[in-house]
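Each of the next two complexes has chain A plus one other chain: chain B in the first, chain C in the second.
== the complex of A and B ==
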């Protein structure tokens, strides 16, 4: 047991290092990691300027914390978006011809996918995270944090982002068609997961769509504990749903890995194309 | 200007478009504009319950937020498509391996780029029209249409966009990169050019940034021609400003492009 854990973590680490070497050799990557998210955050923030903030009926929102409300949204999204990009890069393995090496090696498939998601979640979001924490510190008076709540929500958040990434990666073991990812997961996630507009005020049809995105639930919990001093008890329903989503994502991923490999063995050829 | 090169470029462009590019690419661009409009719609009607700030009414010179945002996002779609195509022409030729043969042919820079621009404009007008129809469902109303202003606004916008595309094209060809440069420019435009909110809401330094990109005035002119809000003399002043800005971009861009082409050809491998 101990030995297999050691092997598992070895593969996770190796894959994470590989991803790092692959994508951080070029400085321009920092533009895409920092400049784009910050600019889109600023655009959303200034687009609020067209409105009278007192018009909204979200009780805990005011002129003071609207910036933080939005910032939390964009920080959380940068985690979820980074795994979308990692999944897209993972599909390159197939084109580059390295996917079959992974299959030929004795590496645990789950560990490979996890390593990939791990590297992208932490490396790609760290710049945005630092930026966010700086702004939060600057605006700390508007924060209304429940520390215990925040810690537990953060743990669930990170696990969820990781498994979301693993799940997306697993989808690409099966399919080569990557375009749908961006059509479905880039802009719609920004709108429907409540990144810039709270889900609570959505009309019925939009709420139904918002339920698809795991980010919707955990983002709501994050904002409640950061801005509304909500403790664990008051966000427990969201947390229970989030844990359920985590279990579902994990199960689906494990099943997908198994099914895909079986399928490959039967119908694939040496180069998997 | 060489008319033969101009026509040949258009013909070549349309043929490539029909044979090599799937329709999904166009659909993607319309979707982007759809999501921007949808975001504004939810924000205006549901989040803030239709309550605009005083500064918006003062700076935007209209109280019709939806039309304001829709015109902005349609113009944004237009500039994105123009840049994506006109700026990328030469680097695409380089990547596809046709830059060398293009340079061997009797290639006239001005005609070539104008041809590309014309073809692109015709195609984009179709896409924008589709997006505008979607916009009507979300509350796009043309409240104060002025035909002369509209024609002036369109011509000046195209002029300015052409200049901007040339500059972006130089950067792309020089750095051999399209992904980072184009997306960074689009993020900047969306932020500083008054696409979904008046640029007066921004800090002063960002406003200055917006003033030197020939998109800001183009969007304002187009809004004025459709929704009103500007006097004739203000319109003329802005139009002149856009014209001068566009001219600077074109006058600087053309020789720069020639220079960058030489560099690209010298360094080209294979």
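== the complex of A and C ==
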């Protein structure tokens, strides 16, 4: 590992450890991170029981796997939601004054934001992930997984969630007035990314909105490989779009980080709270 | 050496007039500041009224980019190479913010150390020696939220030393601390400069603190440098008159009147104010021998006779009043 990579990984690890100690030092937080998504998931599941979904035109949706359909949606959502929350929490560092010291240091800014997202993605989602795997095991007969497809999609999914987190972190740092992004991104993502309802049955205007969220694409791929035994070739278009999104997110994030620091140095807003 | 020339910072601020209307306003926080900081020197930055001290310090730490002016850091252009500067500086601010309260003292220092890419063994040893230096070695594994204000401030000092900086910027480091802790911190600051050869820039509201610690002082007002020099230079700049304390046995109004008449007879223009049994005499002239002769002539026994050395605080207050008067006369 060359020196700059070593420094980069040191900062990522330090930031992840700090976030862990700062926000996850009380074990009760894991209960709150679990209870709310599970209630929300169960409420969606029982809402479906009022309708007959046998006649749906969605190939992988049936009476048998509706529970798994929703579960995959909620598990994926918990990853993406956690990074929105972590970005919002990171913006609090401006109030605490610690952001000023981070920017005073020569640490790679991308590494700081990545460490923050990394800690949040895994810690906030771990309980939901365990719960999901347990339910999946219980409902294993309804699963129709293509293993190679799942591994490929999962890798792209994790990279995309992390980059989404880093990008949001960078946006939240632009100014102290970017908190509105939290409202704009959290609930609408659950509604429009197809977590509860497949995007294909959305009206046209809602489908346009759903295109904004990276979760929309990767969630569709996840469901295809888990419930429809779709292999990589079958979901290649979604995967190509997802990889394109990752490249765009990475580029935009790197630009945003530079723009944010330049803006902060010009406006002096790193010290305003 | 840190050297800045004609540093200026203009903020473009958006002001809201109504829900739909806003306008832009330019605020000149720093107009023209030039200064130098050398290794092993404690330099004070004193401000009178919203002087631009914080903006200046943030420009020197590269957190804010100057609108114009030059900034040379050990011969390197610091405005174009902020990363070079960041490795060699650190900042210590007063107050209880800027550290992670839920983390322990050790974890705080470890985190900030990692941001500077310090290798693990060096960092471990440095954290231990810094905690010892600030007297927190027994509290290393306690969360910062359990610390007193003074302990948090001492941790801030350790944090500010984590990268072994060549230059340290101290922004109101003793704000809100009691006298005992303040004295301990003053000793630490002095050691950093004189023993460890750190160049230090100190801003403080406490003039006595600047007077006690600083080798050289810059006095700024409304973003401009008013005067610079040692404490002696500054007081002499403000006080072109000398002050004497004169007291004799049986001092009363009658003696003061006779003293006044005596000095006038010697063609010496003075101002005398009685304070209890003392006369405070202000004049442009050297008065020690004239006052002694007056006592001999009047058969008075001298209790006190000395020249009053003005404090920096008095000088700054007087200068502040002068500047306000000048501003009013222009208006």
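The criterion applied here is as follows: the second predicted complex is superposed on the first by the 264 of 273 C-alpha atoms of A that agree within 3 Å, B and C clash if a C-alpha of one lies under 4 Å from a C-alpha of the other, contacts with A are read in each partner's own complex, and residues count from 1 in each chain.
Just so it is clear, a residue touches a chain if its C-beta (ideal position, glycine included) is under 8 Å from a C-beta of that chain, and two chains touch if they have at least 3 such contacts.
Here the structure is a predicted model, which is why all the values come from computation and not from measurement.
Colleague: For A:202 in the superposed arrangement: first (chain B), second (chain C), both or neither?
Modeller: Once the two structures are laid over each other on A, A:202 reaches chain B alone.
Colleague: Should A:101 be classified as contacting the first partner (chain B), the second (chain C), both, or neither?
Modeller: In the superposition, A:101 touches chain C alone.
Colleague: Applying the touch criterion given at the start, work out whether A:258 contacts chain B, chain C, both or neither, answering first, second, both or neither.
Modeller: neither
Colleague: Quick one: is A:140 in contact with chain B, with chain C, with both, or with neither? Answer first, second, both or neither.
Modeller: Neither: A:140 stays clear of chain B and chain C.
Colleague: Taking the superposition on A as described, I'd like to know which of chain B and chain C A:188 touches: first, second, both or neither.
Modeller: Touch status of A:188: first partner only.
Colleague: Contact-wise, after the overlay, does A:236 reach chain B, chain C, both or neither (first, second, both, neither)?
Modeller: It touches nothing on chain B or chain C.
Colleague: Chain C touches which residues of chain A in the complex?
Modeller: Residues 6-7, 10-11, 13-15, 17-18, 21-22, 25, 96-98, 100-107, 112, 264-268, 270-271.
Colleague: Which bits of chain C are touching chain A when the two form their complex?
Modeller: Interface residues on the chain C side: 9, 11-12, 54-55, 58, 61-65, 83, 86-87, 89-91, 93, 95, 97-100, 102-103, 107, 110-112, 114-117, 159, 163.
Colleague: So in the complex, the part of chain A that touches chain B is made up of which residues?
Modeller: Those residues of chain A that touch chain B are 28, 31-32, 35-36, 39-40, 42-43, 46-57, 179, 183, 187-188, 190-191, 196-198, 201-203, 206.
Colleague: Tell me, which parts of chain B touch chain A in their complex?
Modeller: Of all residues in chain B, those touching chain A are 24, 28, 31-32, 35, 38-40, 42-44, 46-56, 60, 65, 177, 179-180, 183-184, 187-188, 190-191, 195-198, 201-202.
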